[in-house]
Amino acid sequence: MLYRENGQFKTSYASDQQIFPIAQDRLGILLLVAFAAVVVPMVASEYIFRAILIPFLILSLAALGLNILVGYCGQISLGTGGFMAVGAYAAYNFFVRIEGMPVVPALLLGGVCATVVGVLFGIPSLRIKGLYLAVATLAAQFFIDWSFLRIKWFTNDSASGSVSVSGLQVLGLPIDTPAAKYLFCLAFLCVFGLMAKNLVRGNVGREWMAMRDMDVAASVIGIRPVQAKLSAFAVSSFIVGVAGGLWGFVHLGSWEPAAFSIDRSFQLLFMIIIGGLGSIMGSFFGAAFIVILPILLNQIPAWLGVPISTATASHLEYMIFGALIVFFLIVEPHGLARLWSIAKEKLRLWPFPH
Amino acid sequence: MSNSHDSSGKKIGDVILDVANISLRFGGVKALTDISFNVREHEIRSIIGPNGAGKSSMLNCINGVYAPQEGQITFRGQRFSHMNRRQVAEMGLARTFQNLALFKGMSVIDNIMTGRNMKMKSNLFLQALRWGPAEREESAHREHVEHIIDFLEIQAFRKTPVGRLPYGLQKRVDLGRALAMEPQVLLLDEPMAGMNVEEKQDMCRFILDVNEEFGTTIVLIEHDMGVVMDISDRVVVLDYGKKIGDGTPDEVRSNEDVISAYLGTSH
Amino acid sequence: MGFFLETLIGGLMTGMLYSLIALGFVLIFKASGVFNFAQGAMVLLAALAMARFSEWIPAGLGIESKTLGNILAFVAAMAVMVGVAWVIERWVLGKLVNQEGITLLMATLGVTYFLDGAGQTIFGSDIYKIDVGLPKDPIFLLENVFQGGILVGQEDLYAALIAASMVAVLAAFFQYTATGRALRAVADDHQAAQSIGIPLNRIWVIVWSVAGFVALVAGIIWGSKLGVQFSLSLVALKALPVVILGGLTSVPGAIIGGLIIGVGEKLSEVYIGSMVGGGIEIWFAYALALIFLLVRPQGLFGEKIIDRV
Amino acid sequence: MSTPNILLNVNGIEVIYNHVILVLKGVSLQVPEGRVVALLGGNGAGKTTTLRAVSNLLAGERGEVTKGSIELRGERIEKLSTSDMVNRGVVQVMEGRHCFAHLTIEENLMTGAYTRRDGKAAVAETLEKVYNYFPRLKTRRTSQAAYTSGGEQQMCAIGRALMANPKMVLLDEPSMGLAPQIVEEVFEIVKDLNTKERVTFLLAEQNTNIALRYSDYGYILENGRIVMDGEARALRENEDVKEFYLGMGGGDRKSFKDVKSYKRRKRWLA
Amino acid sequence: QAKEQFFPVLVYRTGPYAPNGVPFANGYVDYLKLVNANGGLNGVKISFEECETGYATDRGVECYERLKSKGATVFQPLSTGITFALTEKAPVDKIPLITAGYGRSESADGGVFKWNFPLLGTYWINADALVQHVGKKEGGLDKLKGKKIALVYHDSPFGKEPIPVLQERAKMHGFELQMLPVTAPGVEQKSTWLQIRQSRPDYVFLWGWGVMNSTALKEAVATGYPREKMYGVWWAGAEPDVKDVGEAAKGYNAAAMQHGAQPDAKVVQDILAKLHGKGQGTGPKEEVGSVLYMRGMISAMLGVEGVKRAQERFGKGKVMSGEQVRWGLENLALDQKKLDGLGFAGVMRPVSTSCQDHVGAGWVRVHTWDGKKWGFTSDWLQADDMILKPMVKAAADKYAAEKKLERRKPEDCQS
């Protein structure tokens, strides 16, 4: 039906404080979740699951975590890959070293380890800001990478540094089919997405944003920088760590530190910038853009039946991808999420412009 | 509560804030030299002076943004050689900023809600789940903030990101955020800059209301002498970091030093 | 002792080479407030252009002299870089005036992808050679003092000299000329700079061209050291700790930062790395930068981060 | 339409920010050469937006002129860049100072002379002139702009514009944050430049009182529309203007203390 | 619709490893084309599609998923990292992996790694052969006592593969092993080579790939380490590794996975005549027959022969399934005659695999760069099974235990 806000009067603050104050939005989200949980598993092919949907969900989750830190709290981090690695390797250790450890607690414990490491590396943020902090967080990235390559204990003494897990199950249900894996990730994403949304629209979220927008003013109204920043690091690394665990356990199954290299850190950062800093929705948009677009671009020549060589195709893919990034930034510097909300705003006003 | 508009009828209390021999230097620049003055409870105390006199720096010392090299500040009986921002805020001191220090990416409501952060107690987990108490707390504070929004007459802009508001309204939001802290002492740094007469009148009304209804003590920096002389109980005058006058508006107005340094003859 | 000195000198030389790349970052940041992620891609593109033109031009025109061939190739490669600068201004930055730093950074990322793709499409993705006659053989100093002498790479030595002189020129330019001042103004506030009539578009073309020139020089030196192929663009990653350690806005900082990082990472790798299994230099460089930043958050020579209400 | 002595002609412009926010809804105004024209109006009326439209600074705010035309000496200028405008002698002093934070006060001023081509000596002369206007700047000349006080920054912004030796200045809220005498001085400078050097001014001001005292003509803008215009003198006498913009409803100036209306207080208590 | 056997082609023609990835890919594709030109697999045409992995594991996995759904029946991941990831997936999807000369060394054990085929050699074989070779140079393995060998390796699973064997050998013969990791992609090696200059190892083993190799050679030149004492893995012994170092790399040695650069081989001449001669070749003509081109060709040939072998059992002229190809690979019997017939005379030796042995032949030669081209400088070497067998078995058992797998039963070997 028509997308209208009119006539929906809020009679209490609680109702105005809902996640999606507009009824059509609520309905839309419900439908979307239902679609994702019920329809998609029935229609998607194995390739779509394994190569597109599962990576998309997991990276969305990681982007969501990173967005809390960068988008909401304003602390640019390039150590995300590292924190994901901590989550993955820690979960791995819990999983293989403790007999009978179920998957979900292992992943959550992995997240907890990532939290600890994240907070540790977050401490410099109390002094270092902006791009300086961004580059400094690379110290975390490279150090963590190195540790997992070099310290054999972390990889259960595997000679190559590569580890693998198998036989995942939740409450006796095996997670081996692509659809099961997909639903498993989807569940994580929904739960964490909801919790993150709650956080950012509550007091903690406001404290983060206040730190981001103007830290002096924030401290003057009584926000404690230490607490605000470190809590952002903690929450963010927790989510990122869990995403790392999922990436290793569910998507790759077997991985080496390179799976969480600096490229991953950059990739995640790009996702949230393109998607929209400080927007939960933006994390999803960004992940979709960065995960799916190259795959699509890569396949377009094949679909069109244009016989160009792989090299040319992937160079073209790079060029088009780069051009699209620039294009979207020019259209809307605040990311796809903002573009989306402008579109909605226009829709709301339609057919009366302005 | 008094309903007289006359300053003589207002209960002015004891000294709540006492600034003693404050000196502040930045490298070679002496922003403040040996400044002392006090502020009494419930009064409206103005600080005036030419540009660069050190007025904003004075406020910055009071709420802990700057640490003066010398001197003490006594607030509600506690003495500090330099103030801790959080502690000061907890003790009931709030301020607005000359160069708008709003949280640009947040909506009006959220900006004002941040003023209540110290009063919100529920922890991270409760907030993540929006479990009962967290939800109730949020609603309660939201209600308070809505009152402030009504009071400042910015209902229409509730959800607008503050960065998009015109300057004058941003100043109001700044005030709103400070009010949300329910402060005992409110420091206002040029709250009326960039407003026309009508808007200044509104702003004065807000300030006076707060002062009278809640007994909030106000420290005001302002360049509009009309406003300062009309609403303040006492005025401090700074010039080049030194105090050159202190007293009631009438006393200050007739002080020769003040006239030559600041007011000029045209006033 | 001899070995220590050798490592030290090796570190200093490598550091200078990092500085050369860091310089490109600093230049653009200082002059437009953009953290140019594409610096590495520019180095690669410039090197590719130089390498291929120095094959194509002599072959096409039948030029025998290697020097002449190299000079022509240099000119052609520079023309490519100016073209890139123009395109970036016209299609990217010009449309993003007054946006936040992070948005601009992201845009340069788009540029990176584009240049990587375009460069390899045009110039190929094989490994190519740049030979501008930098001597490759090592020289040995103080052979009478230390057994075996102290090894110094001649190529590195030349490169270091070139880097140092470029830094000196650029530092003076920023501090003492009116254009330099205007550039710094642009970095502070695009809109205000426009309001007083600084033509952002022209300025940006110039700055990016200069950065292109720096990239070309860096590309030639690194390219003749490593060979020209894709990984050249990754060298930029090594310049990041240098830039922040020296200060994002300081030209001389790029040099000092480079020296500190170069020495720090080589010494650490050789002396600490061998105890813990090696491969620590990359994170050590960053950790070193981090430690310096804890003391000076704006880097050694960077402008103080303004934090006022 | 433009007669020779109309320097700036703004013709029914509409401005939209971010593709959705319509701010100016058909604003027209003329600025004759050598005059001082004031643009008045409350918060959010669209004064700044109008000035930005003229100086072409809208793009950076993601705004655009979607209707109408702007002419400078008969030439359409919507497509020009800001620096073209400066080269044609039109300089804007932006609202909110916008000094170059990392540059010293003097460097700020000197960048203002970026477009000057008349030699170092002439620039130095203008610099001296600006220091004469604002002695306070001279004492703070080596200080980084970010670390000067609000008023000092305002002076710096005005001074910086003057360094370009403009033919026309778009002044946005020059009085903001300045001490009363300085405000007076700024307007004296306006008058001075206007009479001696025939510099044309278009000024957006909240301080209606002083703006109307120093200008020849005024436009009042509310909600993106011009609601009234006329000779400054006439406007000053207008009853509505007196009440709403000069705070002198019904004759004398009211004390700020007495403006509280019962209605509002009641709402606050409720 | 004609019958087609689909061959996925994972390649990297862009990115840091492109200079090495391209000739390999060209050889691979050219061979497939050649097979088609010669009438296909007993009448079944080969169709193939390239997918760019950039040598990145996640993209490799994506390629795998994509091409798998198009009916791929045998994968060659062309990266040890990707192989590790796919080793988990292949058994589920029932698609065999050929990792000729790379991958997990323990996957030589077909009893555990049913779907992996590290044909022609694993890194353990490579490392062992090199030790034997330098031993011979010294005049006997016992002469290695007290010597020092530095291993300069790509800091990744690939680079770490040879370590267990080298350590084992070091223990046996009493030489010292100095391990020097190089962070990928390997453009910064100054400190590595300073350390080498200081510790003066008798030999340097270079376990590199891509730009790391040429950089290592340049640093060796810059620090004056004799190239003659450097021995590369078989992925560090091709033209792109030495090309831009040129003369200065003279004397540098590398293992050859049987073949070297052999532009004169019959199969190469066939390709030149039947493809490049008609303008249907892939890549530049001059590179046909270069080391990596040959390797690509051989890898493709192994896959093709696997399919053909399967057809022998399951029906000639039919399209084979993954499981059938797996059987074919497990029962390869490429004797010299067959090889010669295919045009590989002088290029390689017979290969025959079995249920237990997924390598088929562990022959190594050493070739040396003379400043212009690679030429063989050693006899055939063979890894010492006495040493490797138990190691492979132990490692495979460990893997099986971790994964809770059973060793394959004899009857499983029949299927």
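So that you can tell them apart, the chains are marked A, B, C, D and E in the order they are listed, and the count of residues begins at 1 in each.
By our rule, a residue touches a chain if its C-beta (ideal position, glycine included) is under 8 Å from a C-beta of that chain, and two chains touch if they have at least 3 such contacts.
What you see is a predicted model, and the numbers here were worked out from it, not measured in a lab.
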* Taking a step as a move to a touching chain, how many steps at least join subunit A to subunit C? -> 1
* Structure fact -> Joint neighbours (subunit A and subunit E) are C
* For the chain pairs A-D and C-E, which is connected through the larger number of C-beta pairs in contact? -> C-E
* Compare the CA centroid of subunit A with every other chain's and tell me the farthest one. => D
* **Central chain of the complex, centres being mean CA coordinates** => A
* Starting from the Cα centroid of subunit B, hunt down the chain whose centroid lies farthest away. => E
* Taking each chain's centre as the mean of its CA atoms, how far is subunit B from subunit D in angstrom? -> 28
* How many Å are there between the centre of subunit D and the centre of subunit E, using C-alpha atoms for each centre? -> 74
* Asked: In whole angstrom, how far does the Cα centroid of subunit B sit from the Cα centroid of subunit E?
  -> 74
* Determine the centre-to-centre distance between subunit A and subunit B, using the mean Cα coordinates as centres, and give it in whole Å. => 41
* Structure fact -> Listed in rising order, subunit C residues that touch 2 or more other chains are 120, 125, 277-279, 282, 308-309
* To do: Send over the residues of subunit B in touch with two or more other chains.
  => 65, 97-99, 101
* To do: Can you tell me which residues of subunit A touch two or more of the remaining chains?
  => 149-150, 214, 216-217, 220, 311, 314-315, 318, 333
* Structure fact -> Listed in rising order, subunit C residues that touch subunit D in their complex are 97-98, 178, 181-182, 184-185, 187-201, 249, 303, 306, 308
* Asked: What part of subunit C is in contact with subunit E in the complex they form?
  -> 3, 6-7, 10, 14, 120, 125-129, 136-138, 151, 153, 155-156, 225-232, 234-235, 238, 265-266, 269-270, 273-274, 277-279, 281-282
* subunit A to subunit E touching residues, read off their complex -> 45-47, 50-51, 55, 96, 149-150, 159-162, 164, 166-167, 176, 251-256, 258-259, 263, 295, 298-299, 302, 309-311, 313-315, 318
* Under the touch definition given earlier, write down the residues of subunit B that touch subunit A in their complex. => 63-65, 85-86, 89-90, 94-95, 97, 101-106, 110, 113-118, 120, 122, 124, 127-130, 134-135, 138-139, 142-143, 146, 177-178, 181
* Asked: Any idea which subunit E residues touch subunit C in the complex?
  -> 13-16, 18-19, 22, 155, 179-183, 185-188, 190-192, 194-195, 197-198, 210-211, 214-215, 218, 221-224, 240, 243-246, 248
